[in-house]
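Quick one: structure below, then a few questions.
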Amino acid sequence: MEQHSHPLKNRLYVIIFGTHTPAGRAFDIALLIAILLSLVVVVAQSVPEIQDSHGTALHFFELGFTALFTIEYLVRLYCSPQLTAYARSYYGIVDLLAILPTYIAPFVPGASYMVVIRMLRIMRIFRILRLVGYIQDSNILLRSLLMARRKVFIFFSTVGILVTIFGSLIYVIEGPEHGFTSIPKSIYWAIVTITTVGYGDIVPQTGLGKTIASLTMLLGYSILAVPTGIITAELNNEMKSHRQLVKCPNCSKAGHETEALFCKYCGSELAAPDQRVVPIDNKQDKHSD
Amino acid sequence: MEQHSHPLKNRLYVIIFGTHTPAGRAFDIALLIAILLSLVVVVAQSVPEIQDSHGTALHFFELGFTALFTIEYLVRLYCSPQLTAYARSYYGIVDLLAILPTYIAPFVPGASYMVVIRMLRIMRIFRILRLVGYIQDSNILLRSLLMARRKVFIFFSTVGILVTIFGSLIYVIEGPEHGFTSIPKSIYWAIVTITTVGYGDIVPQTGLGKTIASLTMLLGYSILAVPTGIITAELNNEMKSHRQLVKCPNCSKAGHETEALFCKYCGSELAAPDQRVVPIDNKQDKHSD
Amino acid sequence: MEQHSHPLKNRLYVIIFGTHTPAGRAFDIALLIAILLSLVVVVAQSVPEIQDSHGTALHFFELGFTALFTIEYLVRLYCSPQLTAYARSYYGIVDLLAILPTYIAPFVPGASYMVVIRMLRIMRIFRILRLVGYIQDSNILLRSLLMARRKVFIFFSTVGILVTIFGSLIYVIEGPEHGFTSIPKSIYWAIVTITTVGYGDIVPQTGLGKTIASLTMLLGYSILAVPTGIITAELNNEMKSHRQLVKCPNCSKAGHETEALFCKYCGSELAAPDQRVVPIDNKQDKHSD
Amino acid sequence: MEQHSHPLKNRLYVIIFGTHTPAGRAFDIALLIAILLSLVVVVAQSVPEIQDSHGTALHFFELGFTALFTIEYLVRLYCSPQLTAYARSYYGIVDLLAILPTYIAPFVPGASYMVVIRMLRIMRIFRILRLVGYIQDSNILLRSLLMARRKVFIFFSTVGILVTIFGSLIYVIEGPEHGFTSIPKSIYWAIVTITTVGYGDIVPQTGLGKTIASLTMLLGYSILAVPTGIITAELNNEMKSHRQLVKCPNCSKAGHETEALFCKYCGSELAAPDQRVVPIDNKQDKHSD
């Protein structure tokens, strides 16, 4: 509303925050490419051989991307309708944290490590995905996880208790002389074992310890089935309930099967399957970015 | 009933065993925090560095928590309607075992290790979870596991036979010179392999041994699918049959789909979906704690 | 039929092969215990420490069990209606192979190792399971696996091709100097990696090798989902189709839901859910053992 | 059409590309055996011991198979109706790449390694599988994967972001002195950990590093559930929608359950379940090979 009085601000807003105009899409894709390139620079700087041979060039790229992202941040601040809405949003904070390390690095030793925060910026990829028709599948996945969150929490509590008990048990049985020097380290072993990762850096040496380890493995092997079962069941539900969005034009009740021709509540004819409009939730699209 | 004649005993009972009053909930949460803190003390005592620097303080905390849990145990004994009902219940035995090690440690060498039994007390977390609305999800998970117990038993028998056969086979093929010094150790290797843990402490060296190992891995990889399939199928059933709790007000038959408006047996109108009362099983709530 | 003329042979047959009389069940359970004990002896003999201290006692037990199983084998041969039917059945061959090693051990060096064939005898546990009501669950599991066999075969062909391709690729990239001394060894590495076992005895050293390894892992991680999906889908079908066994008393059509009161084909009243007879397949019970 | 004027070309086409005549099937099976044998030769050549003792014989076999496949390639080119259709198809390129290495090996050092491209030829096994009735199951699997491709892509993007973030984090925490010498190497560690492979060649040493590693493992353990859930749900859908192929003879609408006797749209009687013809998609069968 109030944006109409600032033509430039308004136009910048549509390009930077919007996704429905060609310019907005182009900006989002260009930004993602810039983020990925700046990540490549950060990753390349961490490799000693590359740093030795191309260190100066990488440092200039690094400064260039920081300048670019600083300008982007300032423009976002400028064209955001409410200044604080963006500055306090998730992406606003990540965007700020992504440029700060380069500025404070000369003063705070070790600050250059903080540049890994920039990794969080790649989450913007999900915004791009939303543009190219992946929104529906990504929503189904997200909703399944949300529906399952209680069951997953109970599951992780159980795993937490199990690794505490098995970790303590193996600590008492094997003891420090076989590498289980403390209960936290033994719990770490239990997690490595129950998740079937099995690094092999700490392994039981005694017969009793190996029996406990076998029990832990078999338990981990079978409870792995529980989160899978939970997610599958919720995903099934979510994919079924997706049809809830198909509404009858007469009584406006939803929940019709894809193959249904008539409303099962009032008998009116339904729209043909390929002409049914599945509404896209536009509310998510405002200041989330 | 008989508790009415002992106002103090009755009031203590409601606080300590009950979960429906604010005082009862506050007690449960305070107890859980005390249990978690006492576990932190036990875990910290096992770390040599912490034990060296804060050993005395930790020992005092340890004594303090033992005193606290001893008082709690005695009060529970006092206010339990039937003294033996609590003392012989699962939590009654765990509570006693959790305080004993500290008392007998001066007399029995190595008894301090028994303090890990205290780990079992964290299972009380499930009681707290039940308070905050997780009861339904936790019941669905539990019932699925119960329904699947026969299939899981058959599955574990099969895994047991497979690891015995593959363990014996690799023992004959590789022999003691490659680390497979006995059949039990070879069975341990088979479990490590079939569960895809793969520590790497014992690995086959010969070509034939590697072939057998590959077979074991591929087998483990594919039978991992079986418990997942079992749990998923049962979970699906359990989540569906949950609707069995929705009853018709006229003929009181259950099993209506969430979207149903009329009883499918007698045609009476059902309550609106969000007003349907799903009864919570109160029987589980008596002396289980 | 012809057994009626041999009262002793007939009675022995009912005890040894039958499962429906108390004597038959007792025999099966006693036999299973003897098999398990003889396995414990075999396993114990393989442990050097136990062999050193109790070697002679174990050898006598070994001879005793061999004598026992020899008598059992001869009696089975004697009372089997058709002599060759048993001798050529799966269990007939396993039973013979289980006693042979002890007899030929003095003449053929290394024959004592063949005693691990005795492990196959523990499969008789499935016969006992059938007695105690596990038949239905075990049939559902078995039928699911049978229904899925084609999909599982396609899946394993794909895995076979993938490990061949990735194994060859890593062999070319890493080469013998990093432990990948031949294509078969590299395929072994690919199997260890794709099944997420990850022993760590052979690992890629170069950057390109690590990239290929990462691809193999992520691929293995995601195609692990395929057999699980197959088994779950078949298990779901199998559990649903189980209701096919409920038949209408009027039109004798099957496939009614557990909650159905009337036949959905002819409208006749169905038997009450708990009085529905689910027929047990008796054909499996003849000479399979 | 135009093939009728070239009787030999036409006959060769039916044998080499066709699968419906006995000669066509025999050719396909013979070709598969030749491909598998040539792979055995390639694999055997990579084993130093076999190469030392049978090197010359293997080299002759290698030349023989190359000659055979060259003739096959030329005949395919000759009898293909449009010359370029085969030469530019997937199998046309693979077939060419499979014979080239042997020809250029004398001139280009290291070209003999390219012989592993021949591995891609084993994919022809899927063509053989199609012959023996596996087409339907393989189509169901393939379609499920295709339906799930968007969800799988979102899943892999998430995994990609997670391993980047966790890899960078562990690089900052553990640093080069504990083996995490660069971010790419740390990302490799994160992939090894999140997929539960766990080689153990690089492991965290510090307490904080072990905590991050535990988080990575538990995360990997639980998100493993997501692709399984996706594939299972899609497979379920695909197996259900398979019935879409059953058509009503009157109104020719599809989607009837296996047990249905009458069309649910027009009430006409359906064909008996075992006489329903499920059409096989013949379009796939033209120049795909």
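Going in written order, the chains are labelled A, B, C and D, and every chain counts its residues from 1.
Here is the rule we go by: a residue touches a chain if its C-beta (ideal position, glycine included) is under 8 Å from a C-beta of that chain, and two chains touch if they have at least 3 such contacts.
Labels paired with UniProt names: A, B, C, D = Ion transporter.
Values in this document were obtained by computation on a predicted structure and should not be read as measured data.
Colleague: Have a look at A-C versus C-D and report the one with more C-beta pairs in contact.
Modeller: Between the two chain pairs, C-D has more contacting C-beta pairs.
Colleague: Going through A-C, B-D or A-B one by one, find the pair whose contacts repeat those of A-D for over half of the pairs by residue number.
Modeller: Comparing residue numbers across A-C, B-D or A-B, the repeat of A-D turns out to be A-B.
Colleague: Could you tell me the distance, in whole angstrom, between the mean C-alpha positions of subunit A and subunit C?
Modeller: So the centroids are 42 Å from each other.
Colleague: Can you check how far apart subunit C and subunit D are, centre to centre, with Cα atoms defining each centre and the answer in Å?
Modeller: 30
Colleague: Return the residues of subunit A touching two or more other chains; collapse runs of consecutive numbers into ranges.
Modeller: 155, 184, 196-200, 224, 228, 230, 232, 236
Colleague: Which of the residues in subunit A end up touching subunit D in this complex?
Modeller: My answer: residues 39, 42-43, 46-48, 113, 116, 119-120, 122-123, 125-126, 129, 134, 137-138, 140-141, 144-145, 152, 155-156, 159, 184-185, 188, 191-192, 195-201, 224, 227-228, 230-232, 234-236, 239, 259, 261.
Colleague: Mind listing the subunit C positions that touch subunit D in their complex?
Modeller: 150-151, 153-155, 157, 161, 164-165, 168-169, 171-172, 176, 181-184, 186-187, 193, 196-200, 203, 207, 210, 213-214, 217-218, 220-222, 224-226, 228-230, 232-233, 236-237, 255, 265
Colleague: What part of subunit B is in contact with subunit D in the complex they form?
Modeller: So the residues of subunit B in touch with subunit D come to 196-200, 228, 232.
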